[in-house]
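In the two assemblies presented below, chain A is common to both, partnered first by chain B and then by chain C.
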Partner chain A sequence: MQSIDLNSKLEGKRRRLQKGLEYACKSALGITALMMLTFFLALGYRGIGAFSQTQIEINVTSIESSTKSTINQSMYNLIKEPDRKTKKSLRQLVTPNAYSKIDITEVGTYVLVAHTDVDMYVKGVYNKLDEVQQVIVDNLIEQDKIYRTWNWDFWTNSDSRSPEIAGIWGAVVGTFYTIGIAILFAFPIGVSCAVHMEEFPQRKGKGWKRYRDFMEININNLAAVPSIVYGLLGLAVLINFFGMSRSISLVGAITLGILVLPVIVISARTALRTVPQHIRDASNGLGASRLQTTIYQVLPAALPGIITGTIIAIARAIGESAPLIMIGMVAFILTAPSTPMDPATTLPVQIFLWADSPERGFAEKTSAAILVLLVALVTLNLLAIWLRKRFEIKW
Partner chain B sequence: MFIWIGPKQKSSGFNEDLIKGFFRISSWITIAITFAILASLSYETIKFFTLVEPRDFFFNTTWSPQTAFRADSVGSSGEFGFIPLIWGTMFITFLAMLIAGPIGLLSAIYTSEYLKPSQRQIVKPLLEVLAGIPTVVYGFFAAIVLGPWLREMGVTLGLDVATESALAAGVVMGMMIIPLISSITDDVIKAVPSAMRDGARGIGATREETIKNIILPAALPGIVAGFIMAIARAIGETMIVVMAAGLAANLTANPLEAVTTVTVQIVTLLIGDQEFDSAKTLSAFALAFTLFVITFILNWIAYRNYKNAINRLKQ
Partner chain C sequence: MVRDTLTLDSSAKINVRNLNIWYDDHHAIIDADLQIRKNNVTALIGPSGCGKSTFLRALNRMNDFIDDCVTKGSVDIDDTDIYRTQYTNVNNLRKSVGMVFQKPNPFPKSIYENVAYGPRLHRMAEDKEQLDIIVKDSLKKANLWNEVKDRLHDNAFGLSGGQQQRLCIARSLAVDPQILLLDEPCSALDPISTHAIEELILELKKSYTIVIVTHNMHQAKRISDTTAYFHLGEIIEKGSTKKIFDNPSHRKTKAYVSGDFG
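Here is the complex of A and B:
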């Protein structure tokens, strides 16, 4: 009789295959991690600069007829007797929009936002300054008159033609309007659709079975339709047929609401299915109607799962941009929208617009906006995971 | 006072029916959405086919939708050949699957077979979070980081790489669908009954032999379904290719050259102002309809396979 040594180790070909697969699997996961690390590091490295802003301190010694000429005059004072060309270089050190934000009526020291070229030079991204500007900027840095501070403009401003003062506030407000309205109607409709499919079994019979199968296929297919098709739906039905105006957040909200509806339905159905049958039987046995059972017993028990699914759906809607581009939410928005009927844009679309911009100063804004978006999405996802862990009911 | 209680007894007035009616109407809304998609797309598509022959659309190999302003000038009608677009789409999808297929599958085997439950609880949510990254972010990465980087690498190797190469779009799309594939595959492998696993290990098979001979064959239909879902997702993906792939329709099998896709063309045709009677605008709807049909068929096959596979494993 052959005996087996239980302590013997695997040897030869079998061992090599065994180890080989393990290492292959490990390295696959490693490659995924590495790719994602490169991804985040590249974005972080590019975007971190946008959170600081370069500012110039100027001494105003004389008040001119307008704020613009006051600023220009005090810039000219940096050099003794500048000629025309030098004057132009000096003027271009501050952002072209400087005079619209600040009103100078008294002599004193003022802080202005530097031009994007100065900003990029200070941050060491690229150098497009001419010789005069470079000398002055170096000089001012030594005197501590050019310095970098926290970039509030990035958070409180809307889009702009000048990268140095462009911000995400308008896009954030647009996102809130769009996603808020989308969820406001997608959530009740989605949950009631799930309740209808799970809790109210239709009568027996071939026709009813076909109806249920059709609903099932319909929902699963809707969840898998490419998002751009929803954009075309919004364009053809809402804008072309119903004549709603382009670019407004209401149209975007309806389109995104339709887009996330199947996601909510599917997660709500899964949540309803985890509620065990004996809860329903007990409630029915006490004389509650099917509706009362559903509303007082099943829905509260399934609520954590439904909320988790909805948060994931919100995250999906926040990141969506293709359908919004189709319905014209790619407009250039200078001020934050104040009602859902105003032209608006959302954060991902703003990213798309900035990424397309030829102005190089926008590259860092794009990465920074992406970082903001990713932080928001990761927070939402972690919140969903935490909620699932915290409120999950083990039956 | 007595109330007669019986099966026909209504527990609470009329609003019972009202609320039930609301549930029913909500679920009919989802059906209405499907019909709205079908109706709007096919309506515009039919209008398109009155302007352009279906034969030209499906079999022509040139795509140049620009219609000239003067009716008698050269190329006034525009050419709407669908072949180069679907070729570009398939090509980028193929490149993406080349990357995401093996990596996604192997990662899923690792998370489901090798990791301890406690480690799995950390890795799985991380992969879920990755699946939630917006595609516009991947698109930016492909266009601004990977594209120029591949181009520089091509220069040092003496290769001519287009800035908007199919390779950059394909690689990044692969990155995007790795979490999708690994998550579905992981679910399927987890659904393989542990009796099969334990049986194989019990008669002395190594882990590798168990996975190769027992688990993967059992899970194969589900895994295939997951791959088909991933392909459907890649075909319908828009932002990555809009930002990283080219605009010119190009029938090439060289991953270093630029190709265009169906979704890129839909976006380019419809961005900005459009009038709803020109063949140029309507062709976008014809493209979208084709896209809808392709993804519908793929998803339907995948869904049926997946359901059958899971049900068979659970028995």
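Here is the complex of A and C:
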């Protein structure tokens, strides 16, 4: 009797194929990980600077007619008898908007935001300071009068022409309004649509089936339509036809709502389909009507899946910029919108705006805003996974 | 008075006449006639795919939920045809004709909520106390109360298979039915749980009319009073269980009950 050969290796060709495939898969994973890592590192390297802000301490010795001239005067005091050109250099060490945020009425020491050129010089990005400025800045750094702190302005300010005080708050509020209303609008419609298609089939044979197939193809198609087309739709229907104002969150919200509607319908249908038939049988067998079965048993059981799908839809909507550009949400927003009817912008559009700016100081703002957006997306996706793990029913 | 009781007991609770069911092109039930008596256990036996379950589901119109299922003929319950019109109140029908399925299918909720769901649907309790009483009574009738009384608010999925099945029976009893349809209630259970359910069925027989589909011929023999043998969609033989098992008149019935096939 022949014993089983357990010691010999796999024959050459078969082994090579197996090993080759194994390495191909491993290297594919490696390449993906490497690309992600490069992406994050590059963004982090370029964007980390935006989270700190260069500030400059000034000594106010005399009060002038306005805060602006008070600040200018205290800057001139840094050098004995400056000429006109030096004065200009000195003035330009603090941000041009400094006087709008602070009201100086007493003599003393004040902390102001430094000009973007000083900021960039301190952070070592580029050096556009002239000789006078450079000497003074170096001097002030030594005296600890120019230093970097946590950049609250980045979180609490809206957009600005001056990169050193530009922030994302306006865009964040705009994003909340836009996405919040979009989901309020798309969730009930999407879920009702899915319930209609999954839970209330008509038994009238071929016609219904054809209708359902047609709807399914349509919805799947809508999910694949390029997002800019939805922007055109919003522009043509909401703004041109219904005459709503441009740039407001409400129009953006309806446009994004239509955009994520098919995603919500598809995920809700999938979630409804995972609810086992025997639960419907049990409920119907007790004399529940179809609607009661759906509301009391099927929807609660499908809810974790529906919510997960909706969060993924939200994540998609948050990252959209093209349709919002079409409906004019690329406005330059200096103050955060207070209602959805105010002109607003969203994070991705803000990123687009900053990336488009000629001032080099906006480069790090762009990367930082991308980082914020990525962190928000990762949080949402983690939340989706957590919700699914936590509330999923194991049948 | 005596005569009255007698008529009640011996009268047909369910009278199925000339029932035909099609799934698309497949003729699943062919010209079925069957009288089901009150307070009797009627067993439906036969090989797989012979239409027992379809027949059972026809008795409370659960087949309505299946696409392409067409039903012709009449099913009289207490002399009212449940297929008379499409406007029959099927919700009340299913309340009165409860159903227990092959696989224990509790809702993913607490034990209490499982039983309380039906009474809430039909607004049978006016307040919490009444609902508590209904839940307690139903669990007691299903011989489950003693096992679960301390953990009424635990998830029903934590119960064993046999307990889950008795919970499903309790859930059906909670809406105060007259007829119970059991679709192979023991096929997913071990012998001890099966025994508990069989005891329960014999107990419930006193107050309910029971129709049970079973693959287990010994079970049919043990618990049923009347048996109907299905073969390829037709009721080939029906009669008292004793006669069907001891002295079947049809060749196929004989082959099946003696274990030659099936």
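Definition applied: the second predicted complex is superposed on the first by the 389 of 395 C-alpha atoms of A that agree within 3 Å, B and C clash if a C-alpha of one lies under 4 Å from a C-alpha of the other, contacts with A are read in each partner's own complex, and residues count from 1 in each chain.
What we mean here is this: a residue touches a chain if its C-beta (ideal position, glycine included) is under 8 Å from a C-beta of that chain, and two chains touch if they have at least 3 such contacts.
Note that the structure is a prediction, hence the values are computed from the model and not measured.
Undergrad: With the two complexes superposed on chain A, say which partner A:288 touches: chain B (first), chain C (second), both, or neither.
TA: After superposing on A, A:288 lies in contact with both chain B and chain C.
Undergrad: Tell me the contact category for A:22 with respect to chain B and chain C: first, second, both or neither.
TA: first
Undergrad: Which holds for A:74: it touches chain B only (first), chain C only (second), both, or neither?
TA: Touch status of A:74: no partner.
Undergrad: Look at A:301 in the shared chain and tell me whether it touches chain B only, chain C only, both, or neither; answer first, second, both or neither.
TA: second
Undergrad: So, A:279: does it touch chain B (first), chain C (second), both, or neither?
TA: second
Undergrad: More residues of chain A are touched by which chain, chain B or chain C?
TA: Partner with more touched residues of chain A: B.
Undergrad: Under the stated touch criterion, which partner chain does A:249 make contact with: chain B (first), chain C (second), both, or neither?
TA: In the superposition, A:249 touches no partner, neither chain B nor chain C.
Undergrad: Enumerate the residues of chain A that count as touching chain B in its complex and touching chain C in the other.
TA: On chain A, the residues that contact chain B in one structure and chain C in the other are 287-289, 292.
Undergrad: Can you list the residues on chain C that touch chain A in the complex?
TA: Of all residues in chain C, those touching chain A are 60, 62, 65, 67-68, 90-95, 98-99, 101, 103, 105-108, 117-118, 121-122, 157, 168, 171-172, 175.
Undergrad: Across the complex, what residues on chain A touch chain C?
TA: Going by the criterion above, the answer is residues 201, 203, 205, 276, 278-289, 292, 296-297, 301, 393-395.
Undergrad: Which residues, counting only chain B, touch chain A once they are in their complex?
TA: For chain B paired with chain A, touching residues are 5, 10-12, 16, 19-20, 22-24, 26-27, 29-31, 33-34, 36-37, 40-41, 43-44, 102-107, 109-111, 113-114, 123, 125, 128-130, 132-137, 139-141, 143-145, 175, 178, 182, 206-209, 211-212, 229, 232-233, 235-239, 242-243, 263, 266-267, 270-271, 276, 284-285, 288, 291-292, 295-296, 299-300, 303.
Undergrad: Along chain A, where are the residues that touch chain B in the complex?
TA: 10, 14-15, 17-18, 20-22, 24-29, 31-32, 35-36, 39, 42-43, 46, 188-190, 192-193, 195-197, 200, 214-215, 217-222, 224-230, 232-233, 235-237, 240-241, 258, 261-262, 265, 287-289, 291-292, 295, 312, 315-316, 318-322, 325-326, 330, 348-349, 351-352, 355-356, 363, 366-367, 370, 373-374, 377-378, 381-382, 385
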